[in-house]
Amino acid sequence: MANSRFEYVREFEQPDNLLRNTWVVVRVDGRAFTKMCARYEFQKPNDRRALDVMNSAAKAVVADLPDIIIAYGVSDEYSFVLHKSCNLFERRASKLISTIVSTFTANYINCWPNSFPDTPLSFPLPTFDGRAVCYPAVQNLRDYMSWRQADCHINNLYNTAFWSLVQLGGLDNKEAEKTLAGTLAADKNEILFSRFKINYNNEPDIFRKGSVVFRDYELVDPASHRTANTIDELAEPVQQSKTQNENDKKRRSKARIVVEHLDIIRDDFWERRPWILSNKPGKIPKEI
Amino acid sequence: MANSRFEYVREFEQPDNLLRNTWVVVRVDGRAFTKMCARYEFQKPNDRRALDVMNSAAKAVVADLPDIIIAYGVSDEYSFVLHKSCNLFERRASKLISTIVSTFTANYINCWPNSFPDTPLSFPLPTFDGRAVCYPAVQNLRDYMSWRQADCHINNLYNTAFWSLVQLGGLDNKEAEKTLAGTLAADKNEILFSRFKINYNNEPDIFRKGSVVFRDYELVDPASHRTANTIDELAEPVQQSKTQNENDKKRRSKARIVVEHLDIIRDDFWERRPWILSNKPGKIPKEI
Amino acid sequence: MANSRFEYVREFEQPDNLLRNTWVVVRVDGRAFTKMCARYEFQKPNDRRALDVMNSAAKAVVADLPDIIIAYGVSDEYSFVLHKSCNLFERRASKLISTIVSTFTANYINCWPNSFPDTPLSFPLPTFDGRAVCYPAVQNLRDYMSWRQADCHINNLYNTAFWSLVQLGGLDNKEAEKTLAGTLAADKNEILFSRFKINYNNEPDIFRKGSVVFRDYELVDPASHRTANTIDELAEPVQQSKTQNENDKKRRSKARIVVEHLDIIRDDFWERRPWILSNKPGKIPKEI
Amino acid sequence: MANSRFEYVREFEQPDNLLRNTWVVVRVDGRAFTKMCARYEFQKPNDRRALDVMNSAAKAVVADLPDIIIAYGVSDEYSFVLHKSCNLFERRASKLISTIVSTFTANYINCWPNSFPDTPLSFPLPTFDGRAVCYPAVQNLRDYMSWRQADCHINNLYNTAFWSLVQLGGLDNKEAEKTLAGTLAADKNEILFSRFKINYNNEPDIFRKGSVVFRDYELVDPASHRTANTIDELAEPVQQSKTQNENDKKRRSKARIVVEHLDIIRDDFWERRPWILSNKPGKIPKEI
């Protein structure tokens, strides 16, 4: 059959390859999650079960796509970072975004019953959108990650204070909002402590710091290796022998993918885990 | 907290809005579906249960996004068409693609057990990628749809012949491939008929023509309305009164979303359903 | 020499091809022309010599690039329209923009002395920037052209009134501005006529309507041919024989490129010159 | 007048801002310069007068746009580098490309008579196209520059040998081509020396190395400052006081713009001129 007559339509496709040698962040965001929260009666200010579904889905994405070096999640969003040397799908934005969003969604739906065994999903199902942003310098990438974690902190402190005023203090939403209007972080800490004996710093790390997903290797003494920033100098992926590549792949697949709740704003996190930015697998920790 | 120090990273986001007044096709493709077919033992050349999952997922996407005027699916792919006047998400490619892919994936995972009650999904879960293409003229869009349906026909005729040779004729894969090498459509029809008494035209429409999803209204006499092509003349969406918009919305939401297996290459399909290209809801058919 | 070591840098080039089957407008704008006006003492509100330089440069661009079907200029800007079937430079935006801007600039500099024989150019030389916009429908393109010509009218009426108040009425700039603040077109016409006996409609067409550059053929009776809008239906350039292409090329090269000052908002202009939108050369007028 | 009816066409403009914090190279290329060479009888293999026009035009561009930190030219092409912190025109590709191409073209046409006093330009005038490429790392940028200079060397060695064989050796073009087919650099050097007593290394630097244009300050001892690569670490332009900015601007405008013919592949060039990559003006050399 004369398919050729129609095939010209392929030429309307426009390339969308992301600039090489830049860090690619694909951020996945829940669609209409305010409604979701209401429908499934998520606990306020944080629902541990809902976060567990997010974290499981994120772990599955990282496991599925070895080019992802780290992911950071908070609330209904998750950011996945592809190494600047990554050439997956020739860096086509639509392929990268859709693959990550699809894998995230599939796993979210699939593991929902683990966290909510008595609440089956109803229509419309939870879904996510995604976008990709390129960061040329390590510092830009680190600032992106810091931005998300700082945001997590700001929102969580506010929400914790707000819901304490409502749930423990008996205020209605408007009164709580008014009480917090114009307050600084210190004020909110003070409200929590003086009124409710809540020491914000004792709140669970998962709420205060969000969740970081990465392949885990033995921690490294920061003094022993090149600092993260020298990674910027690399113009192109280091050429390795085939054997070396195979070894890297094997080590990477052996690494445990962990979900932790750590400070990723300070240097310490990155300096003790040089493998994240170098994309050079570290030493697999001995089993205890 | 000084979040502002990091917030500059937002300025690295680059807009990706699709050109206005063009038809947007978002095509969703199964990732690694050859492996899927093997793992879940899909029937050859077509697995009706697997197609049902695809079609259910597509119906859910069309129901969720009223801007989609029609969708066409075959095998592990589905194309969703947004009307040229659509301004959803300001036509940002990444939002449109990711939302459609995510909704499709969520529903695929969710309705899998309906078709495969005894075969739970295993890891890695089925996922999909997506891309968006803009078509300026109605004819370009129709040619895109024709391209996919012609492709469906070509592949299905080949696959039907191939698997008949293997399953009924006792050939191995290589022999079947060799038998079909260089044959034309007529030859394949002849092989099917003379060797296996299979009249290809009697094969189920869903296999030969794929699946078309759209909102259904009363069919129209082609002579009674402007032809589809005059739609090209419209520079911008027709300005309507608020009441008119509300009416359209109500009618659209009342329309039944159907999955049919029709010829979309010939004019007849489009001329009898002018609402698809005009995006002007038709008359709701009376219940029988 | 091992050039290959560096050649990887080519892969950082990102494609910028404009969507096929759309009308491409490349608009060229004078940079810092307010300073130019002052330095070369352009007459107010319009300097005929300066417009002549613009028009000569535009004619040279149209002569140089047969893919340009029409150009429209006013003040220090010129819009060049490429036919929707044009595939010059594979429609790469940067190539199209830079080529048109460069050709325009070269000719502007080169023919300056014809209009300003006693005023040599000084540094910094006059320069232009450019941008490209795609329009999917004929109506969009016509509306673009109408937008520029309506703008010409609005600005010229204002400027004519303003400079009459200053040059003939003895007002200073602030007073003139104040006099015109909030006035409608009719008010400005009235001011011109009652105070200065100027009938705006008798002002030169080149000032009131701007300049249109196109290849000239014999005018056509609008009733005798398909209307412009049916051009939208064409999905792809009509396939012609080689001989036919050669004939078109020959006729196009024989056509006179004219600069006229006509109304391009109304249909009449387009209907009597169907060759502009069809890109099918008309009949060369007989020499008189 | 109701201009608003048409103004919607502005919404078809699509943004083309280049990724922040990357080095932008705008390369300008002569259009159809092979014909130019023939028409104006440029000398082979290099025409010093033609190169002088190119270099004058490039100097004018660098003078006009202080955001350009360096330019490199060879034959009929010139590459202009904008600092990664540059935010000129909000980094819109079309504005940057068209402005540089227009300024280059204007000056090329304008200073042509200085080099070719007896050969006025004829139609079509010399013109240039342009493109922009982003480089994230200093090393990528340096490799781009090295690529162009290596290319210059390769081509010039070949052309010098080729034209010696033709002009001095009496071969025709085909014979010369055949003689050089498959030869390495050493072979070409040998041919030049043994047959024509030409020591390639004594050829003028402008032919062998091309031309580098930059603002000149006092050379610096490489040991005294941070190496170029540490510039990669900078995520964003360093925040300076207004006074500091004014001082920089003043010093930059005082700097002499030079055209030199140096090796820009080796580190030495860059290490002794740290101001190029840091964009921090150096010390103005004392007049002698």
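Each chain carries a letter (A, B, C and D) given by its place in the written order, and its residues are counted from 1.
The working rule: contacts are C-beta pairs under 8 Å (C-beta built on N, C-alpha and C of every residue); 3 or more make two chains touch, one makes a residue touch a chain.
This one's a predicted model, so the numbers in the text were calculated from it and none came from an experiment.
> Determine how many degrees of rotation, between 0 and 180 and to the nearest 5, align the Cα atoms of subunit A with the equivalent atoms in subunit B.
180
> Where the centre means the average of the CA atoms, what chain is farthest from subunit C?
A
> Between subunit C and subunit D, what is the separation of their C-alpha centroids in Å?
Spacing between the chain centres: roughly 32 Å.
> Please work out the Cα centroid separation of subunit B and subunit C, and write it as a whole number of Å.
Result: the chain centres lie 43 Å from each other.
> Compute the distance, rounded to whole Å, between the mean C-alpha positions of subunit A and subunit C.
The separation of the two C-alpha centroids amounts to 50 Å.
> Give me the residues of subunit D that touch two or more other chains.
8, 12, 14, 19-21, 134-135, 140, 143
> Can you check the complex and tell me which residues of subunit C touch subunit D?
1-3, 5-10, 12-14, 16, 28, 31, 60, 64, 92-95, 97-99, 101-110, 121, 123-135, 140, 143-144, 146-147, 150-151, 153-154, 185
> Okay, in this complex, where on subunit B does subunit D touch?
8, 11-12, 14-15, 17, 19-21, 236
> Touching subunit A in the complex: which residues of subunit D?
Residue positions touching the partner: 19-22, 84, 134-140, 143, 229-230, 232-235.
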